[in-house]
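Got a structure for you, written out below as structure tokens; questions coming shortly.
Chains: A, B, C, D, E and F, in written order; residue numbering restarts at 1 for each.
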Amino acid sequence: MVMPLALLEKTVDKRISLLLKDSRVLEGKLTGYDEYMNMVLDETVERTAAQEERRLGTVVLRGNNVVSISLL
Amino acid sequence: MVMPLALLEKTVDKRISLLLKDSRVLEGKLTGYDEYMNMVLDETVERTAAQEERRLGTVVLRGNNVVSISLL
Amino acid sequence: MVMPLALLEKTVDKRISLLLKDSRVLEGKLTGYDEYMNMVLDETVERTAAQEERRLGTVVLRGNNVVSISLL
Amino acid sequence: MVMPLALLEKTVDKRISLLLKDSRVLEGKLTGYDEYMNMVLDETVERTAAQEERRLGTVVLRGNNVVSISLL
Amino acid sequence: MVMPLALLEKTVDKRISLLLKDSRVLEGKLTGYDEYMNMVLDETVERTAAQEERRLGTVVLRGNNVVSISLL
Amino acid sequence: MVMPLALLEKTVDKRISLLLKDSRVLEGKLTGYDEYMNMVLDETVERTAAQEERRLGTVVLRGNNVVSISLL
């Protein structure tokens, strides 16, 4: 069995894609997380539905507003 | 009585269908979960209302955004 | 005083109706629950606003997305 | 200071009005609650925006989907 | 550093304005709160977008549905 | 690894931008936070989609309604 947090642990310093509750998609390098799935992303980019990009730099995300996390 | 997490335990390595809070439906093989119902899915496919499919690979899901889980 | 979980306990193996946060209504036999009000329903039927029915079989529900529970 | 749960305690067996997260308004007699503000209502009536009434009987409510509670 | 709950403590018996998750704005005198930011307001008034007022009296609010709290 | 709360700690007394669940954007000086990511902001300004500004002064924010936090 693969525990969700164990998979996050293996993903540190790799780029991930996050789907947020408000339908935004963020991509960035995972630099940290905690037991609530709060996360820190570096070099974060927001992709809009129109495939535009917005650079957000370093972002702290609250875990409960993250729907899903995919590896890139 | 069937405890919810006990049913998830029996579902590991089987395919499930998830309804998310944002109305998306994901199907995949459950490879792990924790006490908050955070889950890891492999070979994940998103099905849209128009019955299109989008392949998402390995996905970590935060439990609070999962509405319901069905066995396939 | 009637504790909410004590009422659920008395409802095991009976049919209930659930209103979910996304306005869907599910009916099914409650076969289990836990302290977070996560639930397992058997013979689950979803009723849409148009009074259509969709059979869902066995479903695990995450408690935080359940608004209210009524006995049938 | 009036603690929120202490006020609920004094409200047991009285009629209250609940505003839910999905904008529904329920009125009923509070017969029980727990530390998460999960509640049991008896003789529950739902009032719609059009001032129609729907009788729901005994209902278990999950606290996180209750926005506010008023005494009647 | 100003801890959020310490600021609430200093606000007891003062009037505050609350923004709720459903975009409603409530004003009232804070008479109590707990560690989850559940609150009791007295002399509560709801202000709508059209600047209408609705008197709600004493209200218990569940903390997770409160977005932000401002002093008046 | 950078823990999310450790990054908040380093941000105390600096200006941050918050995206809330209801799509509002707040900017202010972080004067405190707790383990749930509840926060206190001073000199808070709300920026609307039309780039208008509304001054809100000191605001307490409940962590679960904060989607993401960026340094300014």
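Note that a contact is a pair of C-beta atoms (placed from the backbone, for glycine too) under 8 Å apart; a residue touches a chain by one contact, two chains touch by 3 or more.
Just so you know, these numbers come straight off a predicted model, no measurement behind them.
Touch-path distance (fewest steps) from chain A to chain C is 2. Hopping across touching chains, the smallest step count from chain C to chain F is 3.
Of all residue numbers used at the contact between chain A and chain F, under half are used by both chains, marking a mostly different-residue interface.
It takes 180 degrees of rotation, in steps of 5, to superpose the Cα atoms of chain B onto those of chain E. Measuring from the averaged C-alpha position of chain C to that of chain D gives a distance of 19 Å.
One finds 32 Å separating the Cα centroids of chain B and chain D. Annotation for chain E: residues 21, 64 touch two or more other chains.
Shown here, the protein chains touch around one cycle, each chain meeting exactly two partners. Read around the assembly ring beginning with chain B and moving next to chain C, the chains appear as B, C, D, E, F, A. The touching residues of chain B, counted against chain C in their complex, run 1-8, 21, 23, 37, 63-64, 66-71. On the chain E side of its complex with chain D, the touching residues are 12, 20-22, 24, 26, 31-34, 38-40, 56-62, 64-65.
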